[in-house]
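Provided herewith is a single structure, encoded as structure tokens, for subsequent inquiry.
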Amino acid sequence: MMNMRPRKHEKDSLIIGRFQPFHNGHLETILKISEESEEFTIGIGSAQYSHTSNNPFTAGERYRMIADSLKDAGVDNAYIVPIEDLNRYSVWVSHVVSMSPPFTVVYSNNSLTRRLFLEAGYKIRDSPLYKRSEYSGREVRRRMLHDENWKILVPKAVADVIDDIDGVGRMKGLVDDV
Amino acid sequence: MMNMRPRKHEKDSLIIGRFQPFHNGHLETILKISEESEEFTIGIGSAQYSHTSNNPFTAGERYRMIADSLKDAGVDNAYIVPIEDLNRYSVWVSHVVSMSPPFTVVYSNNSLTRRLFLEAGYKIRDSPLYKRSEYSGREVRRRMLHDENWKILVPKAVADVIDDIDGVGRMKGLVDDV
Amino acid sequence: MMNMRPRKHEKDSLIIGRFQPFHNGHLETILKISEESEEFTIGIGSAQYSHTSNNPFTAGERYRMIADSLKDAGVDNAYIVPIEDLNRYSVWVSHVVSMSPPFTVVYSNNSLTRRLFLEAGYKIRDSPLYKRSEYSGREVRRRMLHDENWKILVPKAVADVIDDIDGVGRMKGLVDDV
Amino acid sequence: MMNMRPRKHEKDSLIIGRFQPFHNGHLETILKISEESEEFTIGIGSAQYSHTSNNPFTAGERYRMIADSLKDAGVDNAYIVPIEDLNRYSVWVSHVVSMSPPFTVVYSNNSLTRRLFLEAGYKIRDSPLYKRSEYSGREVRRRMLHDENWKILVPKAVADVIDDIDGVGRMKGLVDDV
Amino acid sequence: MMNMRPRKHEKDSLIIGRFQPFHNGHLETILKISEESEEFTIGIGSAQYSHTSNNPFTAGERYRMIADSLKDAGVDNAYIVPIEDLNRYSVWVSHVVSMSPPFTVVYSNNSLTRRLFLEAGYKIRDSPLYKRSEYSGREVRRRMLHDENWKILVPKAVADVIDDIDGVGRMKGLVDDV
Amino acid sequence: MMNMRPRKHEKDSLIIGRFQPFHNGHLETILKISEESEEFTIGIGSAQYSHTSNNPFTAGERYRMIADSLKDAGVDNAYIVPIEDLNRYSVWVSHVVSMSPPFTVVYSNNSLTRRLFLEAGYKIRDSPLYKRSEYSGREVRRRMLHDENWKILVPKAVADVIDDIDGVGRMKGLVDDV
């Protein structure tokens, strides 16, 4: 039966995140995964959600943030794939697999993601760590709302995309102040 | 209000297809779009469908076919985005826009696609033509089923992916012969 | 391209609410919008939800509350449209547009609604204010639960509909007391 | 248990159609139902579909066609309600009931609609007949495509809406001619 | 990783059908599977569909047909599970697995079912054959419509359920004769 | 019209729960319902959810827990039916009815369930009580997480299923500890 399955390189891998927005910590993680992998997929999770204070950016906007940052950083072995939530975890692994180029290893520090791929027979590795106290999507969003220096936390390409789409205006516009 | 919208390059464009599978005609079209565009998005339509005789391959499999073919052809200004059907055309343009990096021009020869983007205010261009009599997904699939020479119709990278996943076996397995 | 779009009167407008239930504050707002508009649409949001303590009434019940109240108040330039949530904001404007007669202006004090229509190029106006401290759906529902005088907060037609469907019984029945 | 149910007038009724587009036959039917009913609901079925050759118009466009035609005809006891297909017939009656003001009688000549409401305990009446050989949505659409006189088959208000939205252009644009 | 997976008996199996309605051929097949299995699941496919000429009966009605027939036949090692279609085949196996008690073997003569479970690593066996020329859901439905002897093709318990719910009336009611 | 409806035994009943997991209190309740009913359906609610701390087990796993426990307890008049949430309460009763063998009586202590079936004309009975302070899904899950004696709270068959699927490992794996 083995031969029914796609041949996968031992070192093809997957990492999934929401990337709201993509920040320097994400970039650091991905640079390490890029080195350890033949090819790897960056899944943009919760792809259908946007325009809320926790998920301000569309999948397309996040795609461009990531693609432009990787180009600047010289990463050329990544596939970027928006992945919509199906909201039934029992089929989530199959769904991700169907949307993504093949992979053998899953990088994740999220317990649910780890468990689901573990039950499905995938190899799980800890996601390379970055300074979480310093970099987090929540902190970037907080700074955007309060006109503090958020650009220092994200790659230049991300700042450009956010400026292009008036992302700060959107963030502020989503807060109810009437 | 204009400044609410993302600034888009005049020459950022979009093309959408099902790519079941990606063939030489698609590649020819994309090479021309690549030249005419600053950056462009290749949308993989009907992304959630697979394993039928008309839609045999998953979005992830089609993603790899396209990405590997473009790498071989030296195309480096394309974004590849799987796009699920929502089955309500009135919101389809918004859905595509939310999943894709920004674009100004839409290449399409499909009347529905053209009409929907036209009503939404996009520029429509005819998709660069290739010899349809020679290249078509339908013809590739027919040849796969009948052990005729289908590899001559697709980029080498596509043939490799299809071999990797035993695509011919799947095609034949989907035909009822009991 | 402009001529692809429906010609809309400058003064055709939209207002969206959940109307759980429709109360005197809503009526006051709508009387003002009715005066300022050629024709206008009242969208009944979250149309598919009902039978919870925050959303007790079905879209059909809310439709009748509004229609009967407007008839009593002599408003004859309103379209009433139930609108289901799609739970993906990026296509929400297109969805509303597809379900509603055409409009140019959107009345709203809700930040998300304002932002989404703003990004889509619509004119936004503040919704005419009523005394929020006095009128609110939450307060009407609270009074219904505690047998306080809720009828003073709603148009007579609304009280009639709620009596017809034993709305108070439903509200109380939804509270767990076992 | 009877008192749990909304009190409904004996003569409140429902009629459902796709109205692609609303034509003189529909109007004739509705004039008769208007006379026989205290109040009645016109359900716009398949509300989420549009932009296909069989379902060219959005629910909002169809809503305006109907509302404007009824205003011209002096009908003032109709509720108009877009109703999305759920594609599971076993819950369809409940869905319609939840979206519509209450009704006792269902007018329909469609066997499935009749059967579903019959099993749910509703009174079914034959829909008042009009000359089907003369008036049909299919015929109106055919004439629009071929520049024949379609306006004679629809109320003036419908022709105005279709002109406003360039409906003929859309119909023609949906036909593949590449 | 093996120990992450549920321990399954070698001889636990699955069979899926639409059972519109359950007939003597189905029963014959299931008697053989019952003998060959420790325990087995009967999946009622397309569970959400009913009230069409090809899918007249609800999942609940089909459940009772099967359960009562098995009781009469003395089969006591079957689990019966309604399974809704998700309409994306790439996650279908995961969906079935999540709804069903565990199984190792899949009985099927349907090419798509066989292929999907094969790619997921399950053992496939041919479904025990019955005289298809004699027994088929289509033939039973045809006879019901034409008042021919359909009861001879189904277990007595099935005929009882169909009589109970006026299944013949429903079948005839679904045919358009206006 | 009465004769359109399925003939139902006065004593056919329904009980719905999430059964995360099935415990001794559930069993006690069901033994009483089994005695009071001709036949009865056990609906496994929220069937599509699993792998969260509040809903750890799939519908299939819960099905086997219940079926095996009932077999051990000698209950032979129960139908077990997984029922997916549709997340629109106005059609929920119709949905349950379509998935389940027919029933007249609904056992429930949940206010929403009672209200929805009450409005639809069903007989509601209090669910036979068990010692809630002693038995609850929440308490079983808590003990599993903390290696306390949870097996004393569930039927032996349930403990066996949970051991088979390494349910405790899953519960612990779902808790974030990175």
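First chain written, first letter: the chains are A, B, C, D, E and F, and each begins at residue 1.
Throughout what follows, a residue touches a chain if its C-beta (ideal position, glycine included) is under 8 Å from a C-beta of that chain, and two chains touch if they have at least 3 such contacts.
Just so it is clear, the model here is predicted, and its values are computed rather than measured.
A.B. asks: Go through the assembly and pull out the chains touching subunit E as well as subunit F.
C.D. replies: Of all the chains present, those in contact with both subunit E and subunit F are A, D.
A.B. asks: Sort the other chains by how far their Cα centres are from that of subunit F and give me the top one.
C.D. replies: Result for max centroid distance from subunit F is chain B.
A.B. asks: If you average the CA atoms of subunit B and of subunit C, how many Å lie between those two points?
C.D. replies: Chain centroid spacing, subunit B to subunit C, equals 42 Å.
A.B. asks: Report the inter-chain centroid distance for subunit A and subunit B in whole angstrom, where each centroid is the mean of the CA atoms.
C.D. replies: 23
A.B. asks: Report the inter-chain centroid distance for subunit A and subunit D in whole angstrom, where each centroid is the mean of the CA atoms.
C.D. replies: 46
A.B. asks: Hey, how far is the Cα centre of subunit A from the one of subunit F, in Å?
C.D. replies: Comparing mean C-alpha positions, subunit F is 38 Å from subunit A.
A.B. asks: Which positions in subunit A touch two or more other chains at once?
C.D. replies: Within subunit A, the residues that touch at least two other chains are 4-5, 48, 50, 58, 88, 90, 97-98, 118-119.
A.B. asks: Taking the top-of-page definition of touch, could you list the pairs of chains it picks out?
C.D. replies: Touching chain pairs, listed by label, come out as A-B, A-C, A-E, A-F, B-C, B-D, B-E, C-D, C-F, D-E, D-F, E-F.
A.B. asks: Quick one: which bits of subunit D touch subunit E in the complex? Just the residue numbers, please.
C.D. replies: Contact set of subunit D toward subunit E: 88-90, 109-112, 114-116, 118-119, 126.
A.B. asks: Which residues of subunit E touch subunit D in the complex?
C.D. replies: Listed in rising order, the residues of subunit E that touch subunit D are 48-52, 58, 170, 173-178.
A.B. asks: Name, in rising order, each residue of subunit D that touches subunit F in their complex.
C.D. replies: 1, 4-5, 86, 88, 90-91, 93-95, 97-98, 118-119, 121
A.B. asks: Which of the residues in subunit A come into contact with subunit B in the complex?
C.D. replies: Touch residues, subunit A against subunit B: 3-7, 47-48, 50, 58-61, 63-64, 67, 79-82, 84, 97-102, 164-166, 169.
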